[in-house]
Amino acid sequence: MFAVIPDPLDPAPLVQAVRRDEAGAVALFYGVVRNENLGRAVRYLEYDAYPEMAIKKLREVADEVQAQFDVTAVGALHRIGRLEIGETSLLVAVSAPHRREAFEACHYAVDRIKQVVPIWKKEVWDDGAEWIEGHIPEVPEHTAGDPAPAT
Amino acid sequence: MFAVIPDPLDPAPLVQAVRRDEAGAVALFYGVVRNENLGRAVRYLEYDAYPEMAIKKLREVADEVQAQFDVTAVGALHRIGRLEIGETSLLVAVSAPHRREAFEACHYAVDRIKQVVPIWKKEVWDDGAEWIEGHIPEVPEHTAGDPAPAT
Amino acid sequence: MTVNVRLFAGLHDLVGKRDIVLDLPDGATIAQLRHRLAEEYPIVEAFLSTLVCAVDEEYVPSEHVLAQGDNVALIPPVSGGA
Amino acid sequence: MTVNVRLFAGLHDLVGKRDIVLDLPDGATIAQLRHRLAEEYPIVEAFLSTLVCAVDEEYVPSEHVLAQGDNVALIPPVSGGA
């Protein structure tokens, strides 16, 4: 289950979606809007996204996690639009036969989501606002198979 | 929030209980009954507990986690009685300002719970059943402050 | 003196009771309680090497001195979690 | 040829539109698109050094050759999660 939606995120169907009879562990991560960042009081956040590509990239992160860790399933939901303090912006669930892999893979998935998924947050303070610049996504090398650049 | 109960575990109030305005991350662990252990098909599990002491030990684990990690709150629920495949036996939630601490502290809490909390599981197979012997809890040293042993 | 002893998991199944009462000399220790237990419930003997005891919901060493009416829990290796 | 360009986050705010259309020579690359963008929307120039581009929902390098009607997304440094 992967989604990028403006509605409050519900963990129950996400956890249900990753549950497997052979999985003894599920790690679920909540990214939550907190009331300060870098010492500055935050009033609320506003998330923008390129939703189609964001969902595609969430799936790619899940595939990467499945390839690198002994896990049974991965799912992720990201909320967009205005979020108040304490609301959940991100849910990532990973099921695995054992807990170590569930924790490590879930942590890795969250790290990767923050690096490659085209979603942006604007912090709104009492006296202003700013789009936060996080990670510059890696761009694949230009390969011989691509059409030659026009000169 | 700490509890040892025979009813299905509900993660929503647990996560709500650990939520803090300064916490940007919540890691939630589900221990789930899986369909095999050490290559043997499991039909269901039966958990026994010393509930009053188990709750006390869950609280002590939470205090230990709070002392060792930069986290904002910890909560844990353990289910007892008969649990079917796919049901949740353990929920541990940890909130923290940042995700790394939430993941690491939650993982540590689960490890400790399995070492010190007086709860036992019986695996029931098609052709038998066995109480699983896990960890022998550490016993504090006999200290000078204690009454001298009778000889 | 008498102490109350609570049994769990495999011990509970074997003995068939949740609670038993043991008669011990005044000032007896956990070590003495373990001996008495093996005498009165030989079936329990095989479990003793991995068994720890708790009094007042706290793990206690063999040297711990018991008092009349103490509630002692016999704790086999724990296996909570998933 | 023309390509469609989608703007997000700060760029969306600055330009005030989600989508713009750029006129480019046939066979133009992402590098050429970036130049044209800076010419037509000088306000965007400060963002170019950290901007990457995506075509068909995939990140592409500067050498990537565009085709008529391509949908190009301008991706500032991402900051999803919490």
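The letters A, B, C and D name the chains in turn, as written, and every chain counts its residues from 1.
In this text, a contact is a pair of C-beta atoms (placed from the backbone, for glycine too) under 8 Å apart; a residue touches a chain by one contact, two chains touch by 3 or more.
Note that the coordinates shown come from a computational prediction; the quantities given were computed from them, not determined experimentally.
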Along the shortest chain of touching chains, how many steps lie between chain B and chain C?
1
By the contact definition above, name the pair with the higher C-beta contact count: A-C or A-D.
A-D
Centre to centre, by mean C-alpha position, how many angstrom separate chain C and chain D?
73
Taking each chain's centre as the mean of its CA atoms, how far is chain B from chain D in angstrom?
50
Geometric centre distance via CA averages, chain D-chain A, whole Å:
23
So chain D residues touching two or more other chains come to 82
The positions of chain A in contact with two or more other chains are 24-25, 30-34, 99, 110
How would one label the connectivity among the chains shown: line, ring, star, complete, or other?
other
Judged by the touch rule stated earlier, which pairs of chains are there in contact?
A-B, A-C, A-D, B-C, B-D
Once bound in the complex, which stretches of chain C touch chain B?
6, 8-10, 12-13, 25-29, 31-32, 50, 52, 54, 57-65, 73, 75-82
Which residues of chain B touch chain D in the complex?
24-25, 99
Contacting residues of chain B [partner chain A, same complex]
11-12, 15, 19, 21-36, 85-86, 95, 97, 99-100, 102-103, 106-107, 110
If you look only at chain B, which of its residues touch chain C in the complex?
30-34, 47-50, 52-54, 56, 78, 89-90, 110, 113-122, 131-142, 146-150
Using the touch definition from the top, list the residues of chain C that touch chain A in their complex.
82
